[in-house]
Amino acid sequence: MLVVMQAHATEEQVRAICQKIESLGYRAHPMPGATRTAIGITGNQGEVEQGTLDDMPGVQEVIRVSKPYKLVSRDVKEENTVIRFPGTPATIGGRNLAIIAGPCAIESREQAFAVAERVARAGAQFFRGGAYKPRTSPYSFQGMGEAGLQIMAEIRERFGMKIITEAIDNESLELVEKYADVIQIGARNMQNFSLLKQAGRTKKPVMLKRGMSATLEEFFMAAEYIMSEGNYNVVLCERGVRTFADHTRNTLDLSIVPAVQRLSHLPIVVDPSHGTGKRNKVTPLSRAAVAVGADGLIVEVHNQPDKALSDGMQSLYPEQFAQLVGELRSIAGAIGRSLIPAPRSAATVAG
Amino acid sequence: MLVVMQAHATEEQVRAICQKIESLGYRAHPMPGATRTAIGITGNQGEVEQGTLDDMPGVQEVIRVSKPYKLVSRDVKEENTVIRFPGTPATIGGRNLAIIAGPCAIESREQAFAVAERVARAGAQFFRGGAYKPRTSPYSFQGMGEAGLQIMAEIRERFGMKIITEAIDNESLELVEKYADVIQIGARNMQNFSLLKQAGRTKKPVMLKRGMSATLEEFFMAAEYIMSEGNYNVVLCERGVRTFADHTRNTLDLSIVPAVQRLSHLPIVVDPSHGTGKRNKVTPLSRAAVAVGADGLIVEVHNQPDKALSDGMQSLYPEQFAQLVGELRSIAGAIGRSLIPAPRSAATVAG
Amino acid sequence: MLVVMQAHATEEQVRAICQKIESLGYRAHPMPGATRTAIGITGNQGEVEQGTLDDMPGVQEVIRVSKPYKLVSRDVKEENTVIRFPGTPATIGGRNLAIIAGPCAIESREQAFAVAERVARAGAQFFRGGAYKPRTSPYSFQGMGEAGLQIMAEIRERFGMKIITEAIDNESLELVEKYADVIQIGARNMQNFSLLKQAGRTKKPVMLKRGMSATLEEFFMAAEYIMSEGNYNVVLCERGVRTFADHTRNTLDLSIVPAVQRLSHLPIVVDPSHGTGKRNKVTPLSRAAVAVGADGLIVEVHNQPDKALSDGMQSLYPEQFAQLVGELRSIAGAIGRSLIPAPRSAATVAG
Amino acid sequence: MLVVMQAHATEEQVRAICQKIESLGYRAHPMPGATRTAIGITGNQGEVEQGTLDDMPGVQEVIRVSKPYKLVSRDVKEENTVIRFPGTPATIGGRNLAIIAGPCAIESREQAFAVAERVARAGAQFFRGGAYKPRTSPYSFQGMGEAGLQIMAEIRERFGMKIITEAIDNESLELVEKYADVIQIGARNMQNFSLLKQAGRTKKPVMLKRGMSATLEEFFMAAEYIMSEGNYNVVLCERGVRTFADHTRNTLDLSIVPAVQRLSHLPIVVDPSHGTGKRNKVTPLSRAAVAVGADGLIVEVHNQPDKALSDGMQSLYPEQFAQLVGELRSIAGAIGRSLIPAPRSAATVAG
């Protein structure tokens, strides 16, 4: 931490700050400047409560320097985290991009299988679908619950894709852990610390979506909550943030991808469906997400978007998705990444 | 809903939209204009899924008109909701302002009683204090839990103040319901729908804080979740939103107070402590909150802010709080509101 | 400035940074910490270009400490700036609040006089009205130009109010300086540095509106541009900032009032009309602005808002304004400020 | 426009609104719904002043439907605008991407030529460099003025690149028009309507940067100002918007690229240098900008970034830029776009 003194602070005031700092068990480093003095503090582990020094006489400002996250940081682990799924070539965080696709919500066995067949054939290694839906309105469709999870488990058997689905509270988390391969924590729960801790006690990888107005540091701290309970397999997911801009539902912040990769070893994927909220923006932003260096994509696909019970407006048609994957293959190649080849045929998939 | 057609949309495309609307069971009202046609839709109850019409040929834009909230709305209940606490003059939502004060967190019996004694004497009718703290860092103090709730229950006995404290998950909610008079749902949980529903099944009033980037409609919908389960005693709380501005921790949005009061019958209070994050801003913004018409204030007060385990930086000293209450009394009077007189003396309080 | 080194930075890298700093003519203050080293820099006057140190090996982050504004700061001038208008009791920045009112735009002599008569009688000391209107659309009414300025000069003669009006470029600035008492620089021009410098060369006070997404520091720097040319009579004006919130046109950020007053000697007034964009929010937010400690208010009033050529939606009716001024008088009294008494009668004004 | 009535509005109130609408010369289309009535308005050209209907009894809300921009819209011109530069293969808006590069500011003939030589060789067709710099601080380097323009004119002669540079007021605009090939209007002047109109009267193409908090509609309206004066060669430029996010200086909003392309025929380029403010983010975001479909890029390159007089922190080294262009070539190919081949050799360029 750094204490910046006012221009007209007296020597006595500077001394008082230094004594206070030392009394708290830290070291004070006064640095007299041309117009004012600044005092560095070392020895603190980030836990010094703000407010201790702010209102002492002569203080202009207190600036925090150390970052509060540890386990997510490259300071602790330099090499990238790669999450593997035994028995499959799928990874999240390696050279191959993770392609995750499926409907917003599991609506029926028929709908889910129809979508799954198409996205598997197009080259997705992961199937997404909501069984528990956090909806803005209590009067909207809230998901099929465990029945939806069972459908997804069948899809894994049938198509070989790994399953990602959201848990919204401790009850659903237990079931999601049981049925799915990756547990999703949604944007609205990014700071539901009780849920994060519980997710940290599971044995499955967790995909954590960025909150609607989360800074990079808050995003990291939410991941730190999960990791601090012993679960190190965390995937971050950018899904758009809230701004004044109204041409998309959220503003997709692709710059967080290189920012995460610089500071953390965790993989980061991008959700262009929620990130834009409009079907006609999903394809261009998916391309951009791969070009910026994301470790994967999570895309909503629906066989009949205009009959979807939720988010139909932002779901791709299966043929749009298939075409998109083809484009992503070229872009990935242009920047030294790759996609796992799609299975030869639907039959192969089915086998 | 209203469908705006493109300038060059054909009559056939307009007809197709109308047929689609009718096929969904609604009425279509085409309105040919100078440059384009718009089509009104009536008969819908707000549940029509967006995306059904957006991508049909010739459509420029689909605009939602009906508001999705019902129980929070003055359309359903015109007169103000006033929450009463039998056996005390305290109310939330009436002519008298609700004055809520206390430390950010309950740290010890001694600290809590010291603060309680001071805020009761200054005129607070409600005591706030966190037993379960949602902290950004997993390494920060997380609250005393049930022990903290027991201390607050003692404070109610001793000083006659009603208790407001936060629940962060279903487990803590059960305990908070048991010990407290008002259940607080924090900003980070404003869209933790599972928790909202559970709160809606309790018998205690709920104070719902606005999420960090919640629109008015989302704020209302969160309250609707609670009310839709049968609990109509909901208090809204503005506590600052996230913006680019960096001179305060959050940007306190006082304009939401008249906006809420125009559309909803629910009371709304303001939290200038979290709303600014800086002690020297709490007093001016508290005065402004009363002047704008808020139904109450929730203010952090600590007897030793520089030793506080959380949020010391934004806590008032007890004497600052006492002075503030005096000022608020005058301002309330200037706009036709009032404060319940403070008890005659600490002795009276203690009695 | 402060350079924070990476956790694994070598001593050699620290040394290289220090040498670089010294080579630029400053002093380096290395502070080894528990997990990393930070290096303080003194002797710089804020002009060190960022980027010099950021990419040197081992550097984690460079933090700026000194504030770049000087003339606006209380470091340079401790006592409040009070702008006086010889021959009148009106001031901006003193104990009395400056009450500024009038239509958004001067539309005709008749309209302007009708509004002026009402606001003068209600107690306004300053008359506002636009002769040059910065409109979002090139097809909207752009103002009467010099003819509008002449009408306002007549109003000054007739009603004794001082005139505030906006200049939008160097041409209009010359005319505004000639006719008006206070030159307004609008939010959209807050960083039109060419115009700011020109305004700094005039002899009239300048009211500078905060840009739609200006931080406090940028706001101060814009004022610094004016002051650096020799014009020290600058009034700041908060008029709402752009956020995601959609219940008002802008989000009025009242917390900037105490923030400005803490760091700067310049007066600050509030514009609740543009700050909310809705008539029914103007009165409550005006009350709040006075309660928070603003040095004045600038309010749009129109005799026939539904026929206004611009911003009719946010203009008060004259009788609403008169009632508002009465309320403000009480609130000002409650916090130790006051309003100049309104003239005895319209006749007196007219005299 | 659409007037939404309150749920309990009377038939009489509905009738009054309709009469008011007709009295203004428009047609009213009342649509009785299940819970409330909405009234469509046609015949208006977008000039109806808001506020006329908002406060009439029974009105809940007035919603604007028609878009106020015309000349920028695909409604007026369906095919893409392609800006050509006779005598060169360079275009903005065609299949080939426009690659624009150079230093933030022209600092000296030597510096400018050194950078120009490198970026020309790497494949830039346009050279950027500031002669008039809008700086936040009046104490920062403000640009070389006309001397800088002359250096750029020499660079055009020497390297065959077209020149883009910023005008900040009417005076500089005249000179920029004289020396440059494309006139840049900066983000801070996006709503300097006086300057926009003047730019609309020049004969040179104008590159208009998006304001820091401009919506898509405001961005279009600013372009409309230029076009309404007769200059149809407008290039839009996304350069990041202001949000709460603090890991980059601005938040680059790539989703505006497909949004612009859907509604307007104007070309749009992306500025990843200002859009991120950090050198290590420029390359990934440049790749993303091409992948999302931008019509070009404007990138800051400096031969000695750590000695740059402005924005050194975000400038690429020449070799980084050359490598970036190679990557862009592959990405462009993957989505059906292309880059003009770089000149064979520096000698060729020099010839």
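We just call them A, B, C and D in the order they show up, numbering each chain from 1.
Simple rule for what comes next: a contact is a pair of C-beta atoms (placed from the backbone, for glycine too) under 8 Å apart; a residue touches a chain by one contact, two chains touch by 3 or more.
Everything numeric in this text was worked out from a predicted model, so none of it was measured.
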**Asked** When you check each chain against chain B and chain C, which touch both of them?
**Response** A, D
**Request:** If we define chain centres by averaging CA atoms, which chain lands farthest from chain A? Would you check?
**Result:** C
**Whole-Å gap between the CA centroids of chain B and chain D** = 39
**Fill in**
Separation of the C-alpha centres, chain C versus chain D, in whole Å, is 27
**Request:** Would you pick out the residues of chain B that each touch at least 2 other chains?
**Result:** 213, 242-244, 280
**Complete:** In the complex, chain B touches chain D at residues 2, 4, 6-8, 29, 31-36, 38, 40, 42-45, 63, 65-66, 75, 242-244
**Asked** Touching chain A in the complex: which residues of chain B?
**Response** 46-47, 49-55, 68, 134-140, 168-172, 188-189, 191-195, 197, 212-213, 218, 221, 224-225, 228, 242, 278-280, 305-315
**Prompt:** Can you name the residues of chain A that touch chain D in the complex?
**Reply:** 213, 215-216, 241, 243-248, 251-259, 262, 275-276, 280-281, 284-285, 287-293, 327, 330-331, 333-335
